[in-house]
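All chains are identified by letter, namely A, B, C and D, in their written order; residue positions are counted from 1 within each chain.
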Amino acid sequence: MKHLFKIVFLLPLALLSFTSPPKKIKVVFFGDSITQQGVQPNGYIVKMDSIIKQSRWPDSIELSGAGIGGNKVYDLYLRMEDDVLKKNPDVVIIYVGINDVWHKASSGTGTDADKFEKFYRAIIKKLQEKNIKVIVCTPSVIGERNDNSNQQDGDLNNYSNIIRKIAKDLSLPVCDLRLAFSDYLKSNNPNNTEKGILTGDRVHLNEKGNLLVAGEMWKIIQNVIK
Amino acid sequence: MKHLFKIVFLLPLALLSFTSPPKKIKVVFFGDSITQQGVQPNGYIVKMDSIIKQSRWPDSIELSGAGIGGNKVYDLYLRMEDDVLKKNPDVVIIYVGINDVWHKASSGTGTDADKFEKFYRAIIKKLQEKNIKVIVCTPSVIGERNDNSNQQDGDLNNYSNIIRKIAKDLSLPVCDLRLAFSDYLKSNNPNNTEKGILTGDRVHLNEKGNLLVAGEMWKIIQNVIK
Amino acid sequence: MKHLFKIVFLLPLALLSFTSPPKKIKVVFFGDSITQQGVQPNGYIVKMDSIIKQSRWPDSIELSGAGIGGNKVYDLYLRMEDDVLKKNPDVVIIYVGINDVWHKASSGTGTDADKFEKFYRAIIKKLQEKNIKVIVCTPSVIGERNDNSNQQDGDLNNYSNIIRKIAKDLSLPVCDLRLAFSDYLKSNNPNNTEKGILTGDRVHLNEKGNLLVAGEMWKIIQNVIK
Amino acid sequence: MKHLFKIVFLLPLALLSFTSPPKKIKVVFFGDSITQQGVQPNGYIVKMDSIIKQSRWPDSIELSGAGIGGNKVYDLYLRMEDDVLKKNPDVVIIYVGINDVWHKASSGTGTDADKFEKFYRAIIKKLQEKNIKVIVCTPSVIGERNDNSNQQDGDLNNYSNIIRKIAKDLSLPVCDLRLAFSDYLKSNNPNNTEKGILTGDRVHLNEKGNLLVAGEMWKIIQNVIK
């Protein structure tokens, strides 16, 4: 009996392993220009791919970017069907908020805090209805001064609080980039400059910034997929 | 034979007319605070209801408002499932754009022209997928001066052009409120005042404004339902 | 000898007191709506007057307000001839910057940081040319949350840094209201509310706010006039 | 007698002509980046100089530019002592307002209409106190569409009205660039493009724009100096 059971039990698996490779875990990064640049050489998604190659999951995770420059939270909502859901991802990482804050001053077209929260929750709801695991990120920086004297620091802190609260309400993992950048800049920006530490232009990530984001996100992703 | 035919043919109709009233044509007004006020006494939707009572369709049209204060085009998109589609309307009239323009200056949270168009088209697409007839309106006024010297006139004219272009592309009827208000104000605002002619506060309609909107919309609706 | 000394010493004072009352030290508060409200009952200037009555200078200091609602740094510059210099003050306290920051978001008419500094220095220069002693203040708050999550916190911190730098360059005393409010709110705003601790509406001072400002300014003024 | 008269009469002139050339009429152009570019090759001030060389005043008028990029009305007020009054001009042409309107949307740091008027009048007052003749200009364009659908058209029309009203109140000549550009674009912008007709970038003048401005201003200047 024992042997028969084994054979019956293992046969389908054996066949499976011959006919198709194990399904990879699909992770989609959903965001703005920072994520759009994330798939370019030295981008944070490319860097994370290298990290994964060294990890105990070298072949089982597939990363893909869904970032478009200038996107705000409602832009993600509008295009999530085409750009995310159609990929059937297992995990989606939402990294948005910088343009929602920044565009208030640069073109008068930012997003009100209450609307930001409403669309953010609507995106999560649609993802969860498809049984997709959601990771949220707080927005990193607009300006790298480390004493809360960058023009948008107040709003970035506020929108980060909103994201943390949503995550707490819905028991979602948070990749707290705002905090990680803030901590790093307190130790590594002695001249309190606006850019050049983790960003090239106050917003978009340089090599070190991409590495920091890749590392912070990977910590959370590991927890989610293990 | 002839008689038999008549009986057979007419019976179902006769039964129908005894058992249930003819289905009313459902018209939903989808918009912002102007539409929210439209269902209040003297509001444009209430006024249109009075017009209909005098028309040749006194009992066959049902009007309902779906306006929420502060709404921009993307707010309509977010709530259209709950507030419009669930009502199974036959006709939807979209009247939005004022906050998309106005909030640029008043809170830095307006809508960029290209995003405005994108969301506007997405709303129409979803409505048309349900075989709902769509009527679009150009945004009326923010300030009633008649020489294009109200702060938002440039943008209101631009967003009106965008709506007219969408309507042309999709062969939709346009209720051109921007034009109707402009024409009215050229003849009826001799002191070039900012408010008090068709609005109480530069934006929200007074009695005459509600009457003008009701009349303009009714012209288009009649064409659509006849 | 002792008597002679007394007579010689006291005579000029005695003569002086018979011929004219001692000239009062004129202090002018130069600012926006917060200062305009400062001369109203419970305002910070009225409160300071009460403090002075209890001090060792009960009759030698004359306070007067020169605050106008909505004023930004360039408005002060434009009206300083009429509203300040004509009063021949001994001391001028500049308390401006909130509208320069706030109006960016509320009407698109704030003041760029570099222009803020330029006009601020121009005001000081004109005052110093008249041998007027200048005290500068950092801007208090727009929102009372104590974790740098009020929308304008980044800019208020930045403009405060600018004012501190000007003061350092020119060896001027600083009344650091930004710091005083921040310290107070860290200890006394346990629910992290936006208003109701030192302000009634996130900006304008309530009783406690007026008392705090009166106390902070009086500390600096004493040092300047002693 | 005749000869004696001639000698007596001509002697001072002869002496004068030996000792100093006839005083030139000094005209200063006071404005923003458009005026800063006006003194460069092909700039409107350089072009006007060529026009003058062909006129009946080839050697009696001296043009000089006082334009600085990004300037708004209050910037002119702040620097008028150094940049204009020290030159002892006979005529000053004020050409400002574009940044006052534009910066509302591009950085949240435009100028409120009432403040614009206040500073504009303050500049004129200071010039007139020095017996300088003042010519005012309405702001040209931000975007060249000819149907009042450029974002800032409403404000530009409004600020132009303010300038025209000031000019009327004070009996000053107006160089109505807003009107001149509008008329030109109605006839010469058949595709209703945003730029490329009189400007290179929606604001700064190309060759034709510089020529138009030079011509319009010269008409007014001739009237003032004749």
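Here is the rule we go by: a contact is a pair of C-beta atoms (placed from the backbone, for glycine too) under 8 Å apart; a residue touches a chain by one contact, two chains touch by 3 or more.
Not measured: the values here are computed from a predicted model.
J.: Is the contact between copies chain B and chain D built from the same residues on both sides or from different ones, judged by whether over half of the numbers are shared?
T.: Answer same: the two copies use largely identical residue numbers here.
J.: So which chain is the furthest away from chain C, centre to centre on CA atoms?
T.: Most distant chain from chain C: B.
J.: For chain B and chain D, what's the span in angstrom between their mean Cα positions?
T.: A distance of 47 Å separates the two centres.
J.: What whole-Å value do you get for the distance between chain C and chain D if each is reduced to the mean of its CA atoms?
T.: 40
J.: Give me the residues of chain C that touch two or more other chains.
T.: 104-105, 107-108
J.: Along chain B, where are the residues that touch chain D in the complex?
T.: 104-105, 108, 143, 147-158, 160-161
J.: Over in the complex, which chain C residues touch chain B? Could you list them?
T.: Residue list for chain C touching chain B: 104-108.
J.: For chain B, which residues are in contact with chain A within the complex?
T.: Residues of chain B touching chain A: 74-75, 77-78, 103-105, 107-112, 115, 118-119, 122.
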